[in-house]
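Going by the order they are written in, the chains are A, B, C and D; count residues from 1 in each one.
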Amino acid sequence: MQWELETIGVTKRFGPVTANEGVDLRVKKGEVHAVMGENGAGKSTLMSMLYGLLQPDDGEILIAGRQVHFTSALDAIGHGLGMVHQAFQLFEELTVWENIVMGAEPARRGFLDRRRAIASVAGLAERYDLKVDVTQRVRDLSVGIRQRVEILKALYRDAQILILDEPTAVLTPQERDGLFAVIRALRDDGRTILFVTHKLHEVMEITDSVTVLRQGRVTERMATKESTPEAIITAMTGRSVSLDVAKGPATPGEIVLQVAGLTVGQGPKPAVADVSITVRAGEIVGIAGVAGNGQSELIEAIAGLRPGSGRVTLKGRDIASLRVAERREAGLAYIPEDRAATGTAAGATAAETLLMGRQGDAALSRGGLLNLPAISERARRLIAQNDIRISSERAKVGTLSGGNLQKVVIARELDHEAPLLIAEQPTRGVDVGAIEAIHARIVAERDAGRAVLLVSAEMSEVLGLSDRILVMYEGRILAELPASEATEAQLGLLMAGRTGEAA
Amino acid sequence: MERLKSLRPGPVPLAILSGLVIGALMLLVSGDNPLVAYREIVEGAFAPRNWRNTLSWAIPLVGMSLAAAIPLRGGMVNLGGDGQIVIGGFVAAVVPIYLADAVPLPGFLLAAIAILCAMLASGLWAALAALGETRLGIPMLISSLLLSYPAIGLTSWATGFPLRDTSTGLTQTRPVPPGAELPELFGPVTMGLVLLTIVVAAVIYVDRRTVPGYELRMRGLNRRFAEYGGVRTERQALGAMFASGAIAGLVGAIVVLEVHHRFQNGALVSPSYTWSGLMAALLAGGNPARAVLAGFFFAALQTGGFAMQREIQVPRVLSMVLQAIIILFVSLRYGVGGGRGPKDRP
Amino acid sequence: MNMLNAYTVNATIGGMTPILLAALAGVLCGRVAVFNIALEGKILIGAFFAIVGSYFTGSALGGVLCGVLATMLFSTILAYGVTRFRGDSIVLCIGMNLLASGLTAYLLRQIFGQAGVFSDPAIAEVDRIVIPAINTIPWLGWIFSRQTPITYLSWLLVIVVAIVLFRTPLGLRMRGIGQNPEAATTLGIDVGRTRRWTVIAAGALCGLAGAQLSIGTVGIFAEGMSAGRGWIAVVAVMLARDNPIWAAAVCLLFAIADTFSVQLQAQGLPNQLTDAVPYVITLVALVIGALRGRRRRMAPV
Amino acid sequence: QEYQSIIYVSPNPVGINDFLQLGADGTMRIAEEMGLDAKIFESSDPTVKLQNLEAAAQEADIVVAITFEFDEILADVARDYPETQFLQVDSCTPDAPENVHCSVFREYETAFLAGAVAALTSETGTIGAIGALDIPFIHRYTDAFIAGAEHVMPEIEVAPTLWIGGDNPFADPARGQQRATIMASGGADRILTAASGTNGGVFRALEDFPGAAGFGVDINQCLQAPGVVMDNIEKNTDIVVEMGVRGIIEGTQPAIVALGLADEGMTLTSLKPGVEDSECLIANYPEVIEQVAALRDQIVAGELEVADPMQMAE
């Protein structure tokens, strides 16, 4: 049979890391084909090779039966491929149409033909019912619209094979449904879609067949109709994991964190608008919301990294005017959203990374002089206690994998035993096994009587971990509901800002 | 300047070797014998009778390397060394001259006050650039550089007019009062060397053993990480620039009080200590101990270069070319042997 | 003395040409996110090789071409340094500035056996163009006539650069690369190659700047003759936020400030102080621009 | 005493300045004539200058140091090397020991004459001077030039003196052009320019002002810019070096000689033989040459005393 897209024995290595090994992928024309796998399984790497951004070390890629060699994305585009990347690849300061025509611009006598560009982009958007104002700057667009721009980019190049790398991670359920409608329309148009994800229900809902990767190898290949979620999970992880969090009922105590009337930013639409939150000792308060609705700004304002107006009290003490270090001193621990960009420094040693935020502690420095033996000692203890896989405390953390790096951050922040723990996307980009462990630790913190403020874009995580749930939408707390009563559907509507329907 | 975080010690010896090879090729092309030229450089720098020359050249150069290394350690660049060294030198000359007129003080006290004032003045001047970045968002690279021009202009005017020593034809101040000069100690060891050694030791100690040193290093590696950990990066920028400027001021004071005994217009700028120092600090990736070594290396290279020009008429600017090539190779080191990543991704 | 007479305007425009060309080079590089602070060194290389070319070919055109080509070649250090070799542009540029001053001084001795300054009757200078139609008109003639072709070209290039950046596919790609190189890669744009050619083209502009400096007035090369002009161009690029029209405006401001500072000298102000005036004015402009920018940044996050 | 080697130490690269170049030429000539080994040590800044001077004193029998830049250090070095003979040209180190000989110039005399030429030939009635740096030494040219003009024509208008300054005052023709344009557009048509390599830019600017002319320094600069240079203040540094070295070798050199109009150490191009072929505009003004020659004779005879601006500055 003639495959629309086929790879034979594709292998890709990054130094010691083998991202793909002997991958055989077979995709029929006009189907939606899922590529599944845990974090780091090699999905993005495989897609990058299909799209010409990376070159395989070994193996062949065939399109409609003909072998191809891509040296750049341009070659792939020329062969009818289009890709929507896991991390959006947009030019913030340019307009929608500029983003879309970039690299394939309509020109007249050497000049950019603006009118033709706008017209063709707008026409395309209309045809696939992708509503977007083509003259707006991307900077001003919401995540959902940005994704439409990404899809339009591929369609503008008349992509016959469209690769969508984890397209739903940043969408509300409603936006996701809209995307699925587009995908179906494209399929009916005769196009082939490669759909990368690790969300099972999406695979079951939209795809025709599925290929599962584990540690760079294909472990399963089947028609979706014939497979079961259990089989896919096992193929992905090599074992069966439960994603349910085991936790007992909460016993909330005194108020630890009280935020009142917090506003961040100015103008008619501030990033955080008049938010009030209370977190008690011994409970986990989860903030649900689609990324970009002010959660990061809220957390940064509480942590002191961003100016804001309003009252923030920690165990009754007003900390709104305190600096970052003083807030930490007052009892705040903080696992930041991005461990590599915020939580660690690649060039720092493990001991140095574990010291950050505690360098003023009497046990670790005196009169501004570091107590180096004590610092090393503590680092060794934390490495051992948290099972961080690193050669020594003097090794640089830049070489650690995502899961290990996250362990470093968590070890450091929990060592505080601070009354308030802020955990922002604590399991993002961490694989399934590690997720279980991290969840267990957060619950343990709660049970030890600490107040936990959790922020997550992953609905299952918020639902599974929290005792109370706040939904954030466009900078406001839209609703508060006990976790026991919340459902995924209701949460999804709230995250999309649809209070009426959710009620 | 977040991207400077990628400065890491690399195959510096390889870079030096490459520089020497290219230098040798240039010498061959112009019909000189590279071996002879390099021997002259080495002898010119290290033969017993030249030791003093090398040291007296190394003191300001190493000082300026250290001054450049401190901000670099925190991922910042101070291009205003010229203005800072000039202010230091100027203050170090003017303070004892006029202080001695006002109150009779012993010479060593005059010198001490002069040096402290010089460090303070230069430190504040440099901190102004940091203020420009933290308060106004003018990149320090630019504000520090631009601040040099008024500093040089003002001191040059002051030495040309109100404070000029009218008994000579030069634009220079009167000599500092007797006793306020820094004494020569013994052999090649001078008071300036002693002062600089103390400062070098202090900077290395701060870098390795203290909280501010740790915080500055972390900032250099990842500024967001430092902020997240409670480091007050704006105040830190002021502090780092103050320290950098103060060391530049000390260098100016040492040259004035030890070598010229007065402030001469242009004497602190024309040798390009600032740029050589910056090169050395870059070569060292901001590490103060390595910056000192690199500064000394450049000083030897330059002193040897002068000797080479005297002895065999090979232009001494060759040593400047060598330095530049070494720096270029150091900055290219990621590509050297590192293999190319996915299709030239920048 | 009257500040605004036709002659001084003429001299101001002529004198700002190297800065303007270098600033345009900086704008181009800035657009593809290569922070180019090697303008100073590149001008120097251009100035030196323009002399070399002019001396050996006996023609000004030969000199200009030689200066331009040499500077393009010199720019490949930065072009390949920041792309293929992933170097840090600041380190590379500081190294290049030093290399330029060392190399020109070295070659001055090796080629011409001179140290410091070289001038020779054999050096052909760039003639100024007298536009007969307007030359005799009192003001117009002085302002717009009697400039070197390089000066006319520099203003033409302001427009060309603006059009290329904002009205052509190439410009769109350059702007895209500057904002998000990875995104550009995914659209099949060869980021490395575009960056390289931009940096090399910018080198050509710097070569012109150098040629104007060394053979645009009198045929002379002096060690370090760029004399800070490249740094002013860097400041202009930053002030203009990589916009060629604004960069030209900033250069003009600087040039007027420079002429003004000479007028101050004539009023009896010491030259050591007036020398700093253009820089101080630039600094003040930066501060004012920053204050206004800060207000703009206060807008919603 | 047997002399075998001579070293010429300059404070800047020799090419910076025709004046330094002439000194080097003179050194090479006398070395050849006397059969000495000759070397040139070029400095770039004060520290190197000191190193070079010491190295020269150690190595050579005769050291020629040129300009005031050696005032500070020459006496000390000379004391450390009593066996070496030193010739300082253009200035004299204070408290010089016996082995130092100075040949200084009286630039102001010739600059004064140039000013007279300027006033006598000016059509607009305005003259002015441009100097490289606002330092006392350059005032010897600029101030004396103005004094000379005012001497022959008290009602002459004098434009404020302009300075080149910047990073490269002696070799920045672009700045020279700008300053000259400003001065000439203000009405000055006779402009002295004491800025060495920068002068070319000044002359280039004057091409745009019909009737305007400049005055060069150190050598005959009329050849560089025919038609816009009136006259030059020539400094015969090469001859002075030759004379000085010969005097040292013959043991006849006094501790200090001041060379000016009287001994042909300095002169105007117009007062030298062969003016007609000099390309200088002054050749068209024979009557002015006569007047100036008369003025020179007065100065030489001591009837007219020209003040030294450098002394006045003290």
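What we mean here is this: a contact is a pair of C-beta atoms (placed from the backbone, for glycine too) under 8 Å apart; a residue touches a chain by one contact, two chains touch by 3 or more.
None of the values given here were measured: they were computed from a predicted structure.
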item: Which of B-C and B-D has more C-beta pairs touching across its chains; value: B-C
item: Chain of greatest Cα-centre distance to chain B; value: A
item: Interchain centroid distance [CA atoms averaged], chain B/chain C, Å; value: 28
item: Inter-chain centre distance, chain A versus chain D - centres from mean C-alpha coordinates, in Å; value: 76
item: Distance from the mean Cα position of chain D to that of chain B, given in whole angstrom; value: 36
item: Where chain A and chain C are represented by their mean Cα positions, the distance between them in whole Å; value: 45
item: Two or more partner chains touched - positions in chain A; value: 53, 72
item: Multi-partner residues of chain D (each touching 2 or more other chains); value: 42, 133-134
item: Where chain B touches two or more other chains at once, by residue number; value: 160, 343
item: Chain-to-chain touches, reported pairwise for every pair that qualifies; value: A-B, A-C, B-C, B-D, C-D
item: Complex interface listing, chain C residues touching chain D; value: 1-2, 5-8, 10-12, 14-15, 18, 108, 114-119, 121, 146, 213, 216-218, 220, 222-225, 227-228, 258-259, 262-263, 265-268, 270-272, 274-275
item: Chain B-facing residues of chain C, complex; value: 37, 77, 81-88, 90-92, 94-99, 101-103, 105-106, 109-110, 115, 181-182, 185, 190-193, 195, 231, 234-235, 238, 270, 272-273, 275-276, 279-280, 282-283, 286-287, 290-291, 293-294, 297
item: Of chain C, residues touching chain A in the complex; value: 163, 167-169, 171-173, 175-176, 179-180, 182-190, 298-301
item: Residue ranges of chain A in contact with chain B within the complex; value: 48, 53-55, 71-72, 303, 305, 323-328, 334, 336, 341-348, 352, 355-357, 359-360, 365, 368-370, 372
item: Of chain B, residues touching chain A in the complex; value: 5, 8, 209-212, 214-215, 217-218, 221-222, 224-232, 342-343
